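Once you've had a glance at the structure underneath, I'll fire off some questions.
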Amino acid sequence: MISTRTRIAAAIAGLAAVTAVAVPAAASSGRLVQTSHLSIAAAQKAASAALDAATKAGQHVSVAVVDRDGNTVVTLRGDGAGPQSYSSAEQKAFTAVSWNAKTSELVGRLQQNPTLKDIDGTLFLAGAVPFAAGSTPIAAVGVAGAPSGAQDESFAQVGVDALGK
Amino acid sequence: MISTRTRIAAAIAGLAAVTAVAVPAAASSGRLVQTSHLSIAAAQKAASAALDAATKAGQHVSVAVVDRDGNTVVTLRGDGAGPQSYSSAEQKAFTAVSWNAKTSELVGRLQQNPTLKDIDGTLFLAGAVPFAAGSTPIAAVGVAGAPSGAQDESFAQVGVDALGK
Amino acid sequence: MISTRTRIAAAIAGLAAVTAVAVPAAASSGRLVQTSHLSIAAAQKAASAALDAATKAGQHVSVAVVDRDGNTVVTLRGDGAGPQSYSSAEQKAFTAVSWNAKTSELVGRLQQNPTLKDIDGTLFLAGAVPFAAGSTPIAAVGVAGAPSGAQDESFAQVGVDALGK
Amino acid sequence: MISTRTRIAAAIAGLAAVTAVAVPAAASSGRLVQTSHLSIAAAQKAASAALDAATKAGQHVSVAVVDRDGNTVVTLRGDGAGPQSYSSAEQKAFTAVSWNAKTSELVGRLQQNPTLKDIDGTLFLAGAVPFAAGSTPIAAVGVAGAPSGAQDESFAQVGVDALGK
Amino acid sequence: MISTRTRIAAAIAGLAAVTAVAVPAAASSGRLVQTSHLSIAAAQKAASAALDAATKAGQHVSVAVVDRDGNTVVTLRGDGAGPQSYSSAEQKAFTAVSWNAKTSELVGRLQQNPTLKDIDGTLFLAGAVPFAAGSTPIAAVGVAGAPSGAQDESFAQVGVDALGK
Amino acid sequence: MISTRTRIAAAIAGLAAVTAVAVPAAASSGRLVQTSHLSIAAAQKAASAALDAATKAGQHVSVAVVDRDGNTVVTLRGDGAGPQSYSSAEQKAFTAVSWNAKTSELVGRLQQNPTLKDIDGTLFLAGAVPFAAGSTPIAAVGVAGAPSGAQDESFAQVGVDALGK
Amino acid sequence: MISTRTRIAAAIAGLAAVTAVAVPAAASSGRLVQTSHLSIAAAQKAASAALDAATKAGQHVSVAVVDRDGNTVVTLRGDGAGPQSYSSAEQKAFTAVSWNAKTSELVGRLQQNPTLKDIDGTLFLAGAVPFAAGSTPIAAVGVAGAPSGAQDESFAQVGVDALGK
Amino acid sequence: MISTRTRIAAAIAGLAAVTAVAVPAAASSGRLVQTSHLSIAAAQKAASAALDAATKAGQHVSVAVVDRDGNTVVTLRGDGAGPQSYSSAEQKAFTAVSWNAKTSELVGRLQQNPTLKDIDGTLFLAGAVPFAAGSTPIAAVGVAGAPSGAQDESFAQVGVDALGK
């Protein structure tokens, strides 16, 4: 797991220049760390792209974007999506951003550690893809409602890919 | 999974006629989608039929009807039903309407995807039967309290069958 | 309070034409009622319009769209919005759609019935505006995070207005 | 599973005879106490009568019947009832059966003891009417969704009255 | 507030006389059903006996008595009992009274129906023993905190046995 | 507010003698603090005394004993007590032990600080009496279900008084 | 209210230099926003300072530090603090960071908007002090357990002051 | 399982000397039992040591200390720790103190009793180490967030070891 909060201690010089106006004292005292989040504009873009991909495929899904602090940033309850899909999308995204891995991959880790899935807020089902900046996890897009988790995850991937455009 | 919300875009003409007074602008702009629900009269009929079937069989059960939005529409705590039966009936019905399948069938899907059962609000135990209009899931009847889930499900089936009469 | 579920009994002829393929038996038996929802596309449009209005005003808010069944359809956690704003936006919208009135107006009703605010899921604070089709409540847009509820509600109004365009 | 609720239908005279077989030792040792519940048939009758009264009055409401142990026995989510009405009806009924009084009357008690309303599960809003056997509270019917609590309570009263017929 | 649980101790003979005034119509119309509960005196006796048995065995446990409506009637957090024991004792007792069987036996049923344990409020661990009047389940005593569930259940059995004395 | 955890630093000598076997290193290093709890035997005695007092007065109540760590130690759901009484008794006791004062007195503090009552787990209603050892709060007995809080509190007082005998 | 997420758009040049390895694409696309948090070392320092101040004053309190995303970063349950103090400290801190104001000041806002206090997670009681970097809220220190909120808040202020040293 | 509450009955003489002023009657009547807790100073020391060990190893974790009554005493959300780590650390610590064993060992007990993990508040994942005084469990340190539970537990061990210094 990689930290989203990189201590600025090792890089005071450059960051102080950037944030000098906002948090000058902090930057020089090491009291503050920064976390990166998707802007809401970017998160909406990713969520919409995932939903559109599902719609084109004739699937009815819900979509969620969750940030590295565990907060849900965007939710979309798609037309005709099953009632179970809304919280599923959120929890898949929470799971992916927690371990910075696709939930399809994380399901495999249960073979070694089956009780991982007992952690609050998690759902170990394919359908979510993390978004990282380098090795730093930033957010994840979760999708639920298609007949298979693999399909859900393909839509989530479209959402993440949209962030690179 | 089939959507309960069929965009009216493809059929504006007819629906506009029906709902012209209520939602004329919406119908012409594609802003609205419709979902189908059991009327409360029909839901009561189904629930009562399921409960009666159980009573005739000498079983003490609770019954719930849940709609496609995940809302519980009717609950009946049968005379002598165990305290665990009330929420069980609701969660079975929620599960059946989510995947538009009997819970006895859904239990089988856990072999492929055992973590499906970790989705909030679900209970993968035989006892619930969905009601669909064509391929569109509308609601489900859930029953709990009999010695076996198969029995519970036979009563739920009587409930659903009552909707066709 | 106005119903979103208008029995189709009085208008079988027209609706049957529209939904004949999907729910023929239902239409002819009066078993089904229809509820209107914002399409997810429309709900996103409304939410984005509300958020954009806040951003232009230099305010950091969260936005939610809740439908008449009480389900949250869209959420947007705006950049820099306070942590209390996310659930506030949802609960304001839930409140507005429940009584089909702006929450600024509903606050006034507490003088007569102060315990209305004890109902689960409600928040009697200005900031949400309902959307209706005729007299039928469909959804509401809720906003939270600005210094005053009046400002929040002005952004929510922009969201609802966007639905008419 | 065995029922703990044996209908007394076979009548009063025979009660000693009836329960002699089932709980002979208890009866002679004072280990057991009995609580009276509405039969599910009676509870359904009351709930339906309340809902029908509301429908005739053109109101869209939810109805709940709660027993003296605090358990919900019947719920009916009426066509077009607002999303806040379902839990409101339950909590009003819970409140009425707890103090064996109409909630319209209980609201008045808040003037003396305003924190009564902080008790878990209660809602001090007009709309629920208790049903008692003599001075023994048995159950309550709660209604929510009409424009005023007074109207809700008039429908609940119809439900309770139906029990006397 | 009026009690719904009139001790039958004052004797069977007079009950018809007593309740004739209170619920005559009900009795003749089948509106009411009766459920049997342990008197609080009996429940305390059972709980204390279970706790004493554990103490004599040098074990530190919590004890709970739950009735057939699922309500907890007595809890005892024993000196030195682990923090996990309190809710465990309640949930074991809830489970035993729901199926009218010892939890040690119910654990075995999971082999056929592993998802039974997903029902709300249940805990499928040895340690609880039901109390029935004939074939009618009345309550259960649950114990938790000893090194093995078998030990917990032996203490619960002492509690139930105390009811027969 | 008085601490229940008096650092043993000032009295190592004596305590070390007492607990020398169990926690020798701790006693000499100041790592440990001690909290006093009612023994379960004493807590049962207090709860039973409170319930008996209510029964003698013809009232149907529930009783709870809560310790200074906020854990419930004993609960008794009295015969015929209303369903709201169980959690009320617990929360009253929690409130009394938190501020080491009778809840009848604490209600008065709301005039100065009305939002005190919004603290999780509290209920500011007469009916609970704390038990202290000197100025150190140890536990509280809470009672609920009588027509007035003053009556409830008189029964709770009997419970606390029983601890002195 | 001031945003903690200042878009980096206006300062791409410098930040790109700092985080070039980690988030190069993001920095150049405006997709990411940054939030400032107290380092855990700083948060511990603040919490400890607050607790020490209380201890010196002979008060037994709990302390919490909550960040602008609403996450609790540090909690300290002080020796002898009442059981109500732990969640109180957290909720006070959540409230202060939400509105970037001391809770003693926020209490005053209830006169205009009494329902502000119904927002989830908030507690409008004196005792918490926010920490900001310029006008950007970063975190808050909350204290609970002293006889008055004013005292609690004086300890919280010591905690915040420690961040400036 | 070993009790943390050793009745003082066997050692009245010495303890009475220590606490003579505070609880004289109690000591002589056997009404009170004592539980040992880590002082908050010691708990902070342990938590900080665990966090520092993780930081030195380049891991981003959260840390919690839970006492034998199940109350959380200290939490530290480390810089860059995943959002799932905070509650995981608490629940691991709760689990370890409940059975007075490392969670890595407790995981093994699931082979015999797989439903142990269904007990409320527990998490059977390596990462927590109990602290005992002799055979009396006092508290546990839980750590979560490292790639493996074994690593988490090594940091927790450092925390516990710090208590011995």
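Note that the chains are named A, B, C, D, E, F, G and H in the order they appear, and that numbering of residues resets to 1 at the start of each chain.
In this section, a contact is a pair of C-beta atoms (placed from the backbone, for glycine too) under 8 Å apart; a residue touches a chain by one contact, two chains touch by 3 or more.
This structure is a prediction, so every number in the text was calculated from the model and none was measured.
Undergrad: What's the fewest number of moves from subunit E to subunit G, given that each move must go to a chain touching the current one?
TA: 2
Undergrad: Report same or different for the subunit C and subunit G interface, where same means the shared residue numbers exceed half of all residue numbers found there.
TA: different
Undergrad: Between the options B-C, C-D or C-G, which interface matches F-H on more than half of its contact pairs by residue number?
TA: Repeat of the F-H interface: B-C.
Undergrad: Taking the mean of the CA coordinates per chain, how far is subunit A from subunit H in Å?
TA: 32
Undergrad: Can you compute the centre-to-centre distance for subunit D and subunit H, using the mean CA position of each chain? Integer Å is fine.
TA: Using C-alpha averages as centres, the distance is 46 Å.
Undergrad: Averaging only over C-alpha atoms, locate the centres of subunit E and subunit F and give their separation in whole Å.
TA: The computed centroid separation for subunit E versus subunit F comes out at 25 Å.
Undergrad: Which positions in subunit B are in touch with at least two other chains?
TA: In subunit B, the residues touching two or more other chains are 5-7, 33, 37, 39, 69-71, 79-80, 82-83.
Undergrad: Between which chains is there touch?
TA: Those chain pairs satisfying the definition are A-B, A-C, A-G, A-H, B-C, B-D, B-E, C-D, C-G, D-E, D-F, E-F, E-H, F-G, F-H, G-H.
Undergrad: Under the definition above, what is the set of subunit E residues touching subunit D in their complex?
TA: 1-9, 11-13, 15-16, 19-39, 41-42, 68-71, 98-100, 132-138, 163-164
Undergrad: Which of the residues in subunit E end up touching subunit H in this complex?
TA: It comes out as residues 59-60, 79-85, 87-88, 91, 107, 110, 117, 123-125, 145-147, 149.
Undergrad: Please give the residue numbers of subunit G that touch subunit C in the complex, ascending.
TA: Listed in rising order, the residues of subunit G that touch subunit C are 1-7, 33, 68-70, 94-95, 97-99, 113, 115-116, 118-122, 137.
Undergrad: Which residues of subunit E touch subunit F in the complex?
TA: That would be residues 1-7, 37, 39-40, 44, 48, 51, 71-79, 83, 86 of subunit E.
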